[in-house]
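Handing you this structure, nothing more for now.
Chain nomenclature is as follows: A, B and C, assigned in order of appearance, with residue numbering initiated at 1 for each chain independently.
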Amino acid sequence: MTVLELAGVEKHFGGLPAVNGVSLTVDEGEILALVGPNGAGKSTLLKAISGLQPATRGSAKFFGEELVGMKAHVVRQLGISMVLQTPRVFESMTVRENVIVGATFGVTGDRPSAAQAFARAEDALGFVGLAGYADAEVDSLNLHQQRFLELARSLAGQPKLLLLDEVMAGLNDTELQASIDIVRTARDELGVTVIWVEHVMKAVMSLAERVVVLNFGQILADGSPADVMAHPEVVTAYLGTEMKT
Amino acid sequence: MTAVVLDGIVLGLQFAILGAGLTLVYGLGGVVNLAHGQMAVFSAIVIARLIDHGVSTFLAVMIGIAAVGVLGLLIDLSLMKPVYRQKGESRVLLGLLLMLGVGFIIDGVLEWKYPIEALTIRISGDPIPILGVNMRRGSLIASGIIVVVGASLVLFFRFTTFGRATRSVIQDERGARLCGVNPATVRTVIFGLSGVLAGVVAVTRAMSTPVVSTAGVDLTIFALIVAVVGGLGSVSGSFFAGILLGIVNTFSAFYIGTYITTIVLLLAAALTIVLRPSGLLGEKP
Amino acid sequence: MTASTASAKEGAPNTAARGSATAFRDFAPIAVVAVLLALVPLNFHDSRSMMTVIIAGMLFLSYTIAFNVIFGSTGQLFLCTGALAGIGGFGSVILSDRVGIPMTLSIVLAGAVAAVFGGLLSWIAVSRSLDTIFTGIVTLAFSLSFQNFVLGRRDLTGGENGLRVEAGKDGLLDTQVKPYYVFLALAVAYLILFRLLQRSHIGWAFRALRDDEVAAELSGVDVTRYRVYAGIIGSAMLGVAGAIFAHHRGFIGTSTYSFGSVDVRVLVMLAFGGIGTLIGPVLGAAVFTILDEILVSYAQLREVLYGVVTVGLFLGFRQGVIPALSSLWDRVVSSGGRGRKST
């Protein structure tokens, strides 16, 4: 079943296109890695889908429903949840309280009771491995943990589609493996579809089932990791320089 | 009709210089000087006292304007220091609250010590006809002074090193620092300059209407309206907005009636913010 | 989530037990405040002028709590506290004395009118995404327009001569001691309302959007809606308080609800006590009411000292006294566990 269908999505900043006509179909249960050089428009594309920076042109359909023109909280309540490249957490709240906000407001259908939201927040924190930090203040978390706090805040709303923006940058090998497992489990057990921007090639190769390469706001290649890696244009445009990482 | 427009321009020039003083300080440091009108009145009362004591009008005016300039410098060097250490919204809020307090102090002292003092500067001589309308000399001289001051401001910001430094700080504080401009110094000097402009307001206004010791709050409000309509941080915008609002003011006062006039001005400011937050001349949001 | 039903069952009784414990901790301060304030007239009931002062203090407490809902909870700088209270005041007097509606109903209606205005202002500010300062200026313009309207529409408002109020002349709002308790009840009701809001999902939304608007939207919080809620609720509170005061005082004029006599004081009281806190308004209103009373004997110097105190306070207690005290408290008891950030 098609979860997301992008058709000619464009996003311009003062006339300059950051995303320049992206069309893409994502099926339920896919883990799709979105790669491409810095400034290719990956973050902008995710923000356009999530309603944070509305698309200038084009259409984005989620289970057939048009997203363009919707505000971010509506998109979230439909079941699309995003984790930003630079985490934005609620500074005055504890870790658990951060997740409770997501569990309370970011859900499809009726708002859950306080007890329900609490329980879902606990679950989500356990899922991303932050259960031990539930009562900590957010500023005691490091950047990586804050990203996973955002992931927990997303999962607490039981989304159908996750948009992750470089959540694995700067991790060591153990942390990276743990993160890969979390995302895979989210798909396998919770049935979430994942679109995931990543620079860390090792993670892309081991987790992604499909890779889309973005360059200058346009899709350069789309296919299995192996196919895409072999694509000559991809090699010259992007991978030639960054594959070593 | 012509008379209404000309009167509007005369008034508008005063509005303009009032707004310019407020807008400069906001543009540089994010401080909404809610004591700007009170600073103007302070200088008016200094001048009036000096004249009472037999000082010549010209000298008294010079001293009065210098005094309010120094007052501006002092406020910046003392109270504004902790404000500039803050960032974003908390800076704006603290600056606003502190200047509100300063406004109380100036207002309170003036009302306490000089409750019935007022500055009037009489310019003798017959009215001068312009476009068939007899204009009072006082109004014309006042307008002349403002045009000269305004033109010097524009030249100052365009062509002097310090002026360019100021503009660079308004655009990008960090960038300016990288270019060797010290934003703190620029802010201090501009706060002083803003004080001087408040003094100019007092003097030019006194040439057509008495500036009373309780006029501070009203002047601050006019300054705020003009600065907002012109776009906070833009001196040329202030001039444009000041003249526009001056004409609107006299028109509305002439054809509609007084209390509606003020409401019209206020709504103009509110509408500007709602429709074009960067001011009439500014870029669209 | 697969495990969620299981732990929801475990979680529910757990949270319920914690719920009653926090309920006690959340509402106990209000009870203490109510008892303390109820004792105040014992000292002053035979001094008419003192009663006037403390009733005004009580009124300002209500104003400040209402302003705290709007500004403290959602960061909207409404510089039209006085105007909204005045819409309530003039509105209720016109409805009761001119139109002939019973006083209680006219107070409610006038509160509703204030709520409509406040909600509209809030909606404009949010939908045009105005920042603090622009929201402040737009609402200030509204405030001054209202003042000019009161001055200009003499037929309705009495202009600079003011308006005599007939409704409320005899009854609960007449004289001094009874009305004090009416205003106390109002203030306590507002405190309870503030606390209830904090504890509800609306309070969660307020906290989230205060912290980070983008994160709140991403988490599913409809930022616009909750800001407008705050505008509506706070403005209704202002309108009702202003209306009750009009009927108590028996006379309202241009300065009763002016920017200078209401907004400035409310802002200072809240900022002093602690923006967004429950008890901050109580402390702010108490301190500035006492200060006003002390300064009465130096009438001419009053504004100067007020300014000096304002400047001094903001230089010294930038976050307000209650947050300063509570962080001190946290440090003192830090061995005993984490301190709560909200008061």
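Keep this in mind: a contact is a pair of C-beta atoms (placed from the backbone, for glycine too) under 8 Å apart; a residue touches a chain by one contact, two chains touch by 3 or more.
Note that the coordinates shown come from a computational prediction; the quantities given were computed from them, not determined experimentally.
Undergrad: Point out which chain occupies the most central position, where each centre is the mean of Cα atoms.
TA: The chain sitting closest to the overall C-alpha centre is C.
Undergrad: Taking mean CA positions as centres, which chain lies farthest from chain B?
TA: Centroid comparison gives A as the farthest chain from chain B.
Undergrad: How far is the middle of chain A from the middle of chain C, if each middle is the mean of its Cα atoms, in Å?
TA: The computed centroid separation for chain A versus chain C comes out at 41 Å.
Undergrad: Measuring from the mean C-alpha position of chain B to the mean C-alpha position of chain C, what distance in angstrom results?
TA: Taking the mean C-alpha position of each chain, the two centres sit 33 Å apart.
Undergrad: Report, in whole Å, the distance between the mean C-alpha point of chain A and the mean C-alpha point of chain B.
TA: 51
Undergrad: Residues touching two or more other chains, restricted to chain B: which are they?
TA: Answer for chain B, listing residues that touch two or more other chains: there are none.
Undergrad: Flag every residue of chain C that touches chain B in the complex, lowest number first.
TA: 75, 77, 124, 128, 130-134, 136-138, 140-142, 144-145, 148-149, 151-153, 260, 264, 267-268, 271, 300-311, 314-315, 318
Undergrad: In the complex, go through chain B and note every residue touching chain C.
TA: It is residues 32, 79, 82, 89-90, 92-94, 96-98, 100-109, 111-112, 217, 221, 224-225, 228, 232, 257-260, 262-263, 266-267, 269-270, 273-274, 277 of chain B that touch chain C.
Undergrad: Inside the complex, what are the residues of chain C that reach chain A?
TA: Per the stated touch rule, the residues are 1-4, 7-8, 10-12, 15-16, 19, 201, 204-205, 207-208, 210-212, 214-224, 338, 341-342.
Undergrad: Quick one: in the complex, what on chain A touches chain C?
TA: Answer in residue numbers: 50-52, 71-74, 76-77, 81-82, 84, 88-93, 100-102, 104-107, 111, 114-116, 118-120, 122-124, 126-127, 135, 153, 155, 157-158, 189-190.
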